[in-house]
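Please go over the structures that come below.
Below, chain A partners chain B and then partners chain C, in two separate complexes.
Let's turn to the complex of A and B:
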């Protein structure tokens, strides 16, 4: 998010409402925390066809309550490992929202954009400007709260804590 | 200056952040009292190791429980457990609970690590259960636990609160699990997203701590950040049994006139047993609409319904009966404490005589640790999730119900209404 490149996105893949974190990354694979390894199993319950499409997908577009269920952080990191840059949804479950911020995955709430997009459409998000472009239309979304920007600027929670430790040590 | 009347969660976050005048939507840093990690502990440690120069500020606030997959099924898991054991020793983490302890939530509560008004963050989404003792419990990712070890703080957004008033008297055969499934079905899986839930009303006051755990545990399935039941004599008795000398004046209570986003009144006197149907927890039906569905397996356990009284209820129906031919009945006591109690008073024998397979205490089949299903198989479970693939094949089905419904269904081999069944 802090990188000079604020524009993220590409080809979209749509899913429905209440996609839970057991569907995003089944519990049996939580023996890893390597995002690339985890990505091989992302959305496995949705079938091989879906997983094949996921390989060329940059944007997951979801309905309501994306990421509900288990608090597993790998639900966010497996998407990063699979090359997903943005998740756009009508709404997100609470823990997924936190996990996305903490792992550096960009997520955007935009019910209008979700309705407008089809599988394979291109969608781009400008996090700095708070805008989302798809199908020749621009949608705006509220930015992340100011008080969380320090985590986002660092690229996630752990990089932020690492910076903080360094600052303490150099005092 | 008179303060605006506040909800429980507003008070808890204000106290833990040192701020006043907070309103829903405000984001502040709070200092949690306990950081719980379960099977995810090794992930927290691996993350910690990446942080050069990091130290654990408050080892006494760290709690680790080796649940979910316990004892180790593979050498990979064995290595993770070993890593955690060694780390706990090296870092002076006294609240380390090994593979024999049971489900993290029950273990923490039984060991007096959950106290009214405190903030407990955990790597498990069902950390909402700590509200049963008037604490603010909430689930977080593993990196957040690591960050809390190092910084002692975590950011929290002050949530709006929903009050759920429970009134009436449950019919025989109907239980708190049925109340919660009904509420989840009505409010839906995102009906309380990012909200706090306060359970109130005459019935809530009558409930045991174990029943309050079931309430608060399942609140998560509506997306809640936390849940709460006001502490009372039962709470303080539970705490002293757990060896905690808790000064009652330290508990937090919502103010009269506090603002709620929504107030839901639930009268339970006419409620039928409820069943959550696959593959989502809010897909809830009354038992009369689903009775007769054939089942291959029954699981009684989990942090929602693997407690002592849950097993006693199940044993009441199973006494002198046999599990139906071809049906496996798995019973997993929630903790070592629960296991010991049912062993001491003969409940365990009743369950075994009926044909139940008793597993070691822990999460068991709810976390996919044993009890896997083949394509097309069906389990009736007392757990809190029925998502596809949680118990084996992605093409198997999980139904959720109370321990009473689970027990009578195990005997019949089909989903069965416990009302009117002898016990």
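Let's turn to the complex of A and C:
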């Protein structure tokens, strides 16, 4: 795999601390599992102006404890459905972290980068190298453990388990 | 090893585990409610398509919907029922109570178990001495349903010791809310929180429950209390001791903690968590006098028989304020039956309260509990994020059943200590 293929990112949109899952995807839409359908309602409580900006956003940049609240997986999948490739935050709520990996959404903890970025800035991450580039600067973060990289590369937990079982059966 | 480390060692077939280890553990119980269950079943059927390994370990509880308000919701329950029957899992249909209370009272949770659930408050079951963690649908559909397994990173543990004697009017619920203000939302991300000390030891199982319930709002992976005779007695009566093997749990003095916190809560005043977050906790005097249109005893942290008894006591000779709707939502059929027997149902009915079926009540306003802009509710619920109960401009205050009852009588948020 060439280095450029590991790079994800683009235009940033910033949110604050403790953004909970009711803000990311309100509970009334939870009967859907279609990421594209869910994306229409992503961040609805933040208003239409915010949602309009979200359409051209590749990177959500958040403060601490992003994704706290309910355990809903749709908080991660609605972002994928809306074209978001990466979430960079000072820290993540535990269930959001797990759900992001399981659904194949790349997330990075980098308090320094969060401080440096403004709305509309470009930001790119390389998960294998553990680097994040924005505003001409490079920040590093600890690369994901090997096991989690495998899950992300497969596109999430379910495709990963399916692949693994297939490999074992063909042995 | 702590209780959690010992459970994870047992469940992953290892002699020992330590914080940071990633283990694949056998799951003893998986719980879902009607809405998360609907999503998990769709993901499982569409993306996995295998049989369920141990359907007897899986429980679905209809608690958000207790009587479908429209065709769409009726279709959700219809699909859930068909899926539950197809796979032979346990189903507790409408009217069985709040998911967590219903599974405990039906004997599905016991000490030593690995419990997973798609409701974020699943860690409440740590009060039973279980390792109880919230997972998402893909973990459930991808590994728990087909293989009865899930991956876990063994968490670091924070020990919290609680000391002192609570003042009249201050309850374990107030202690729980106060802890969120002390440790902070997200103040214990990924950690296990071990609760102990003299005050916790004195508490009943279902008062400890209020403490483990809020550990998720601290960001924790799980919270727990080492099970004692009170827990074992309940578990034996509910035939839920099967996971309690001879586990190698070390004495507290030999356990390794990331940190230890000690609190004396003898001077603690009643607490209220104010919109917009569970961490926005104030002493009741700071918000006393705020007008409310709704009050509710129900949800994960209310509607227990203990809460209904408190309401009966506070309401003696008093009525619900004419401009307040007081919703009472028993958390289980057991709680409702007990309230009937003790005359509490009739008393509170005559005082002007509305009884709802055992369910999760106004949680997320799925079946009840929506508010208009400018409305306010005080409740025993667990979350108060804006737009969770109707308008984004409605306010939800979280408090104890004492404070909720006193406020429903006065028509505004009230310091219970002034009416005791």
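We adopt the following convention: the second predicted complex is superposed on the first by the 163 of 171 C-alpha atoms of A that agree within 3 Å, B and C clash if a C-alpha of one lies under 4 Å from a C-alpha of the other, contacts with A are read in each partner's own complex, and residues count from 1 in each chain.
In the analysis below, a contact is a pair of C-beta atoms (placed from the backbone, for glycine too) under 8 Å apart; a residue touches a chain by one contact, two chains touch by 3 or more.
All of these numbers come straight from a predicted model, not from anything done at the bench.
Look at A:71: by the touch rule set out above, it reaches both chain B and chain C.
By the touch criterion stated above, A:31 is placed in contact with chain B and with chain C alike. In the superposition on chain A, contact is made by A:169 with chain B only, not with chain C. Contact with both chain B and chain C is seen for A:102 once the two complexes are overlaid on the shared chain. Within chain A, the residues touched by chain B in the first complex and by chain C in the second are 18, 20, 22-23, 26-28, 30-31, 33, 44-45, 64-65, 68-73, 76, 91, 93-95, 97-99, 102-103, 145, 147, 156-158, 161-162.
Residues of chain A that touch chain B in their complex: 18, 20, 22-23, 26-28, 30-31, 33, 44-45, 64-65, 68-73, 76, 91, 93-95, 97-99, 102-103, 145, 147-148, 151, 156-158, 161-162, 164-166, 169.
Chain B contributes residues 27-28, 39-40, 43, 46-47, 50-54, 76-77, 80, 122-125, 127, 139-144, 146-147, 150-151, 155, 157, 189-190, 193-194, 223, 225, 280, 282, 367-368, 385, 387-390, 394 to its touches with chain A in the complex. Interface of chain A with chain C (complex): residues 18, 20, 22-23, 26-28, 30-31, 33, 44-45, 64-65, 68-74, 76, 91-95, 97-99, 102-103, 145, 147, 156-158, 160-162.
For chain C in complex with chain A, the touching residues are 22, 35-36, 38-39, 42-43, 46-48, 72, 76, 117-120, 122, 134-139, 141-143, 151, 185-186, 189-190, 217, 219-221, 277, 279, 364-366, 383, 385-388, 392.
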